[in-house]
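These are the structures in question, set out in turn.
What follows is a pair of complexes built around chain A, which joins chain B in one and chain C in the other.
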Partner chain A sequence: MTAAPVRAAAGAVSGGLVAEVTNLHVGFTRSGRRIEAVRGLDLEIRAAEVLGLVGESGSGKSVLSLALLGLLPESSQPRTSGVVRVAGTDMLTASPQVRRQVRKDALGAVFQDPMTSLNPTMRIGRQVAEAAGSGTEALRLLRAVGIPEPERRLDSFPHELSGGLRQRVMIAMAVAGDPALVVADEPTTALDVTVQAQVLALLRRLRDDVGCSVLLITHDLGVAAQVADRVAVMYAGRIAEIGPTPTVLRAPMHPYTTGLMRSRLSLTTERDRPVETLEGGPPDPSAPLPGCAYAPRCPLVMEECREVLPDPEPAVGHDDHLRACLADSSRVVELAAPPRRADVLPSPREAARPGEPGLAARVSGVEKTFRVRAGRGRKARLAALRRVSLDVRPGESVAIVGESGSGKSTLLRVLAGLETHERGDVTLGGSTRPQMVFQDAGASLTPWLTVGDLLDERLRTERRPGGGKLQKGERRQRAAAALERVGLPAAVYDARASELSGGQRQRVALARAVVVPPDVLLCDEPTSALDVSLAATVLNLVQSLRHELGMAVLFVTHDLSVARVVADRIAVMYLGRLVELGDAVELIRAPKHPYTKALLAAVPDFGVAPPQLKGEPASPLSPPTGCAFHPRCPLATPDCADPGLDVPLERLRHGAELLADGDERRVACIRPKEL
Partner chain B sequence: MLLLIAKRLAAVVVILLALTAVLFLLQHISPADPVKTMLGPGASQELVAQTRRELGLDDPISVQYVHYVGHLLHGDLGTSYRTRRPVGTDLATFLPATLELTLFALVLALVLAVALAVATTLNWPGAGAFRLVLLVGAAMPAFLLAIGGIILFYKQLGWLPATGRTDILDAPAGPTGLLTVDSILHARPDVFVDALRHLLLPGLAIAIGPAVSIGRVLRSSLVTTQRTDYTRTARAKGLTEVQVMRRHVLRNSVGPALSMTGLQVGLMFAGVLVVELIFAWPGLGQYTAQSIPVGDYPAIAGVMLLLGGAYVVINTVVDLLQAAADPRIEA
Partner chain C sequence: MAIAEAFTPTPTPVVPGRSRWGRTGRSPHARLDLLSAGLLGLVTLVALAAPVLAPHGPLDPVGMPSAPPGTSGFLLGSDSVGRDILSRVLYGLRSSWLAALAVVAVGALLGGLVGLVAGAAGGWVDNLLMRITDGFLALPAPVLAIAVVAALGPSLLNTLVAVSIVWWPFYARIVRGEVRTLAARPHVEAARLAGAGPVRVALRHLLPGAVPAVVVTASLDIGALVLTLAGLSFLGLGQSAPAPELGADAARNLSYLLQDWWIPVMPGLAVALLSLVANVAGDGVRNLMAGR
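Up next, the complex of A and B:
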């Protein structure tokens, strides 16, 4: 098979389809269990469209992408039926050679993590040339995807590039040879938010230039909303709803889409009540239900739903908008109406015990430098924290927001005593050590210990008020109480981490942190590895624990929507420094520092085309002189680059009339008047 | 890279000093008396005492050690009590045979290891049987393998010779001392083939154990690399499986196998010394075996220094190769 049939498919662009999936079933056998990953899926990808495929983990969206690429892993013994037609070839039944040729001629792929998706031992130029056919073409592609100084980059290795540049290299390989379809599986999930906006814009521009279709797989409705022409929502291996992006997002016609939209945090989510969650979890893929897979979680569930598997059918009045739901569409529309829930969280201010003197934690002028290898045997100094000062009041929740390399996690680790610091002071107010919850709950629980062992370990060092160790029975009781507090069944006590789901593991991590209630709870991106619905439940849990136990919470996140919901105050970090600090709601409403503004503008949301911040965060190995943000700052003047310049975080007085009462905004900028 | 080499040179010095120190301690403890060996059982008490004095064996052990190291710094390894020749000369005589056998076994081990790893990873036909044969071989100690090989291939089948380096009497004796190389230099294909035939049995006996160790490590890293995201990227580009294996998988998998090779070389030295005895191979193994019973400490020390130095050199080469294979590693 040569390029000829592919050209034919690409030629059929006008109104044609680049890929057509018909009644696709994919099953795997994993450790003896049969798993149904895709269960009767129909999907058309039209010529030159960006199709956003949205779904939670386990919905089968990545399996679909591998099926399209003809790369279903042999080791998982896939069982397939149906047709996956790409460029006129069925990628399920064609021989390996034919599938390979289709991948070469008609397909491109961009994967989630550009660090692991590029060969670490091969130069960029060669890797792109492998797909492009020649070095000249590779150079042209690198230039086309906006890599600065592409001639020089040809000889770089992947680890010498930043995350955003690496993903651009991936995209260059994907569009090499003018493919008919580019499959992009979570292409921006591993990237910083300002870089994410750039990469999404690039994908869309390439679609316009190359004329290829893009299947954009994402878990984030906001990302799909930004670039997709159509959106498909996937649940438990089937399409729940598909239609033009504005229609699906403004008037969802499937209860699952509605649920996703409502549990999604945005910059306007209400703060004083628990975040809306999707009840229950995704269905067990090894035991598919006879009826609609969403039935157990669906607020509109009817008797019928449990027996009949709904097929996607046109929604009333929209030929192009399909939904797989038996419920009347008017009932789904009602569901999307504003929340009726009345349970309001106790006011954080009450819990904050305002009369109490002292601070839960005080960080003043802390500096932390790592010594890292920097090529050719030289050691380099990585300034992770540069004179950071922050006070945390008892019971208060402070979110630390920043992109990768901003030092936000280091600050948390210094507070937890997991890292030392060179200069400055860390004072802890309470009598207990701070406890920490990590991003990857699975990896932070020792795999061979049971949950009971993990909790018991923490309790063993605990003393009774009168002195003396806790007896075994008491410890068991306290552990059970902690599990109950985080909403886990008592049976979890005897389980190991591997037997728990992602959400349960994060709950266990929280239980371990609060089994002896600390004065300060440190959370390092505890929700960023979780699906939207799970993230919402974990956020609610952190909030309710904080109120029940009166802990101060320091919450590190890269997501401003999350920060706004969990925190009383937000601290924004850039390259090891605090650049803005203020009341959470006010800081989001009226950001002052140019970086905060850019960060906010880059948050993907419905119907917003973000203005793009130029460049990427500089390397903390060589932070720019003066104000570290000046190379990307729209307000920067030559003064900002002055090596002698040290911009402290200062109370904003100029322009303060724009701030709400009681907003003690602090900003690190030499020109506060213009903010 | 220069820094690494400098560090390793320093390591060689420290290791060799430690080795000689241990050896001197052993000599002190050992009941074997080298002077008796030198002079024979009939020597008079006076002569023995005089020789002991001349050799410096009456001095405290620390003084002897300092003397030895002092001479070592001038490149003098001492004189063998047994052969009465400088140890350096002896080593130069016996080293080439051992070097040839070890290098041959190393190459054989690497070839077998790569074949084993690639065949089982890609599930080639016959890979299972191949793996079984190697595993059974690796389960046996080298000397048993050697004896078994002689019985089967020499005694029963008569395919391969069992002793020495060559049966050809006028085989060239220079310039490298490596018979296979010298035969090529002298344009003697008959000698080359004969030398290879002689190398095969002892080489296999030494190589099979390391081959399986290296092969298993290589296989597990091949399997891991095959599941990496960048291998998936390579496949998504539409490269053939052979291209994927050659360009993307192999190079990223050699690191652990190289480390294992470095470790196995140490074990191979031990194997060589034993196997040389069985095959009457005129190398350092023979030399050492004859030196140990008579307490010829300068000779034993010379061999140990040589092998210790070689071990460090080979592991340095391994580190440099790893740095060459992976640009993220700083040499």
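Up next, the complex of A and C:
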């Protein structure tokens, strides 16, 4: 990556504020309901700082960013009060022309999905030049944001770039014209972990080079921790806590921040008991509570919390650390270090069920190729799975980890029978079909059918031990039991997906999968679309269902900390191949394959920014020859690129004495001695 | 993207939501839409009750020829042979409206079936059925109607057959498109994993999703059909002479336009009104379906 300065001469940045939000209220009407999105918010964005704004969905963080940009959509009839001052202009009251001028001169924006933010019909060069003013300036910006071969990329269309490159183009456009403030709304959420680390580092470097401030909006405390100078935690349209990143993360002074940090999974989360969860859900934005919005979920709630709306006040001993909480700060500190809970998970049923073979599922040498259109009428072959072999024992949980294009979901779909494979064998040990839980639970529920209809359908094909069909009453009873098992109220039986919250939908999907307990449960990133606290609840549920029903679980995720918590073993995939397989804890503790090491290093956590893996995952349309990982591998030699090379997954023998007993580590690398 | 996300409220747990499939709340807009959609029912009722509502038989010469509108007992006047125009318009409305409903019903059923099979099966079945559909789409409606009538003789039934033949492919395309979109959603795969067979998937997990689009198209189509059928009978391709029919009544009496204007104009106005009502109602149905 080139590290050319973004601006020829760093502009003089004096102290002061680039943006100041005072007592901001934003409400709007949505299908006849009044929604209070932001409810009395004060925020200062200082010159040349990275401010991380953290909050769950519905906390109002995106509405705040739109208010800063002066882009609150008229169609939602926003009602605003307060002041949003950016570069001396109030973005709430200024005319559209003035707001546009401020956006041009002083603001830049990066959104979550660069594919929809870039114009698909315009070449990159023209789009950036439009923002930058000239072609040469555009080229300089593209080089500055680390786009390889920028001269060539000027003529590309957005769809010809990878997600990471597109986001870099967005960032180049955002910093064009040296803005005072760049608003980045979840800029890395859609990216792979290794690419996310690169983009975060780029944002940080821009701040250093350009001297602009960055408002980094994210739902992930870990992302904010990596790059932000200060962190603001938002809840229900208000600031719960704001302060310097190290202070807030080391000594959070608001029970919500504490809860977020404790329900966040990391590579050191304890595995033998349920993940900590935040009880309850976010408040209804159409019926704001008179007191603290967090009161219904707060473990420290007092009588006055329900009546008095707390304002952010300086925490004891820290002028720069504000918290909106009435509880004594010492009680919040106690909350951060709770006594160890006793609810240890029961160990899963170890032995296979009688009469069953010793494997729940066996995949051996499976290959799957998709035929895709590669543009301009050309057809291409996408090798999604390349000779994958994996055994799953009954009752065992295996996590399949990889970045996009690694084939992890395809493997799951082949097991589910949703895709046919060309070569190799898939054998299922049990008598039942595997069931699957999809990433988007809402989309996996038929919108016009009630939860009851869906559960009933699954039970229709079920036979009683005697061989007869289930009667209507029996089916109803089994469905109710399944709902209870996943912790849903009985009333959900008559509800449709649209009437349920995101967490409830995922529970319904789980209930449908286990209403007839399968031998193998397949989970395709069931938590990646959920907020931190909900994700923790769903993970716990998957775990407890697995223990109760003795199912084998295959859990696809891109998140190693999730994999470590849910799985007994972890399988790491890269471009259609398994590159490492081993005991979950041991694989995380002592990764062997260079790719596993890089993935682990890229997991954003509260520590310092990690060393980065160069490049992005290659396209599965044209995987590199030999070992597919060699272009990014720090250990690669010319041998690794040999087209005739086949790197099988082999038991690690060299250096195996460093592994714990019972860790049957398998690694795909031609030079195992150096791992 | 972010803007849409920020302004989409998170659903509140198990509370009646306003959604396409959930129970819908009532806003002033929705009430107006409901009222317009109700017009469909009202007109159908009038059509069915025409024999009761009409003061006279449509074929009986009951008064002075060419009595102007407002003459006592003849609200819309009488025609050149003394038949009550109001009665003829009511009966004509009955046959036009019910004929339009029949064509829509045949189109939706036949087209829906073809579209559902094509969309749910995909592959070569989809290709084959859609090419056949394209073939029918290529037929020119009036020419086909003339050909059918020429072969089988002029009658309302023959006209309906001819119009239905050119009408159903639109429904096949709509249903097929909706079903293809739905088939790509994970809920169909989830249903298959839950043990639902192909027929069950098609009927329970695909077809209901195409119903709103079909209902909207059908309700907007009624207006167009009223006009088409009136046009065909205007050309003499409908019922034969004495039967009351709006298009034919306007055409046959066109020569009176200058002396006794009401004789051709009243049935013509009825056609215009009918098609207007059908369109307003169709808009109402569309808005209700979209869950505005």
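Operating definition for what follows: the second predicted complex is superposed on the first by the 650 of 675 C-alpha atoms of A that agree within 3 Å, B and C clash if a C-alpha of one lies under 4 Å from a C-alpha of the other, contacts with A are read in each partner's own complex, and residues count from 1 in each chain.
By definition in this document, a contact is a pair of C-beta atoms (placed from the backbone, for glycine too) under 8 Å apart; a residue touches a chain by one contact, two chains touch by 3 or more.
Keep in mind that this is a model prediction, so the values were computed, not measured.
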{"item": "Three-chain arrangement built on chain A, chain B and chain C clash or fit", "value": "fit"}
{"item": "Touching partner for A:Leu649 - first (chain B), second (chain C), both, neither", "value": "neither"}
{"item": "Which superposed partner A:Asp185 touches (first chain B, second chain C, both, neither)", "value": "second"}
{"item": "Partner chain(s) touched by A:Met170 [first = chain B, second = chain C, both, neither]", "value": "first"}
{"item": "Contacts of A:Ala19 with chain B and chain C, given as first, second, both or neither", "value": "neither"}
{"item": "Partner chain in contact with A:Ser444 - chain B first, chain C second, else both or neither", "value": "second"}
{"item": "Partner contacting more residues of chain A (chain B vs chain C)", "value": "C"}
{"item": "First, second, both or neither for A:Asp113, with chain B first and chain C second", "value": "both"}
{"item": "Chain B versus chain C as contact partner of A:Leu71, first or second or both or neither", "value": "both"}
{"item": "Which of chain B and chain C A:Gln101 touches, first, second, both or neither", "value": "first"}
{"item": "First, second, both or neither for A:Phe28, with chain B first and chain C second", "value": "second"}
{"item": "Once both complexes are placed on the shared chain, angle at chain A toward chain B and chain C, C-alpha, multiple of 10 degrees", "value": "30"}
{"item": "Lowest C-alpha to C-alpha distance for chain C against chain B (Å)", "value": "5"}
{"item": "Shared chain A surface residues [contacts with chain B and with chain C]", "value": "71, 73, 111-113, 116-117"}
{"item": "Chain A-touching residues of chain C, taken from the complex the two chains share", "value": "1-3, 5-22, 25, 27, 185-187, 189-196, 200, 204-205, 208-209"}
{"item": "Chain C contact footprint on chain A (complex, rising order)", "value": "28, 30-33, 35, 37, 57-58, 60, 62-63, 65-66, 71, 73, 76, 111-113, 116-117, 185-186, 281-282, 284-286, 416-418, 433-436, 438, 440, 443-449, 453-454, 457-458, 460-461, 489, 491-492, 495-502, 504, 509, 512"}
{"item": "Chain A contact footprint on chain B (complex, rising order)", "value": "1, 3-4, 227-230, 232-241, 247-248, 251-252, 325-328, 330-331"}
{"item": "Touching residues (chain side chain A, partner chain B) in the complex", "value": "69, 71, 73, 75, 96, 100-105, 107-109, 111-113, 116-122, 130-131, 157, 159, 170, 173, 176, 373, 375-377"}
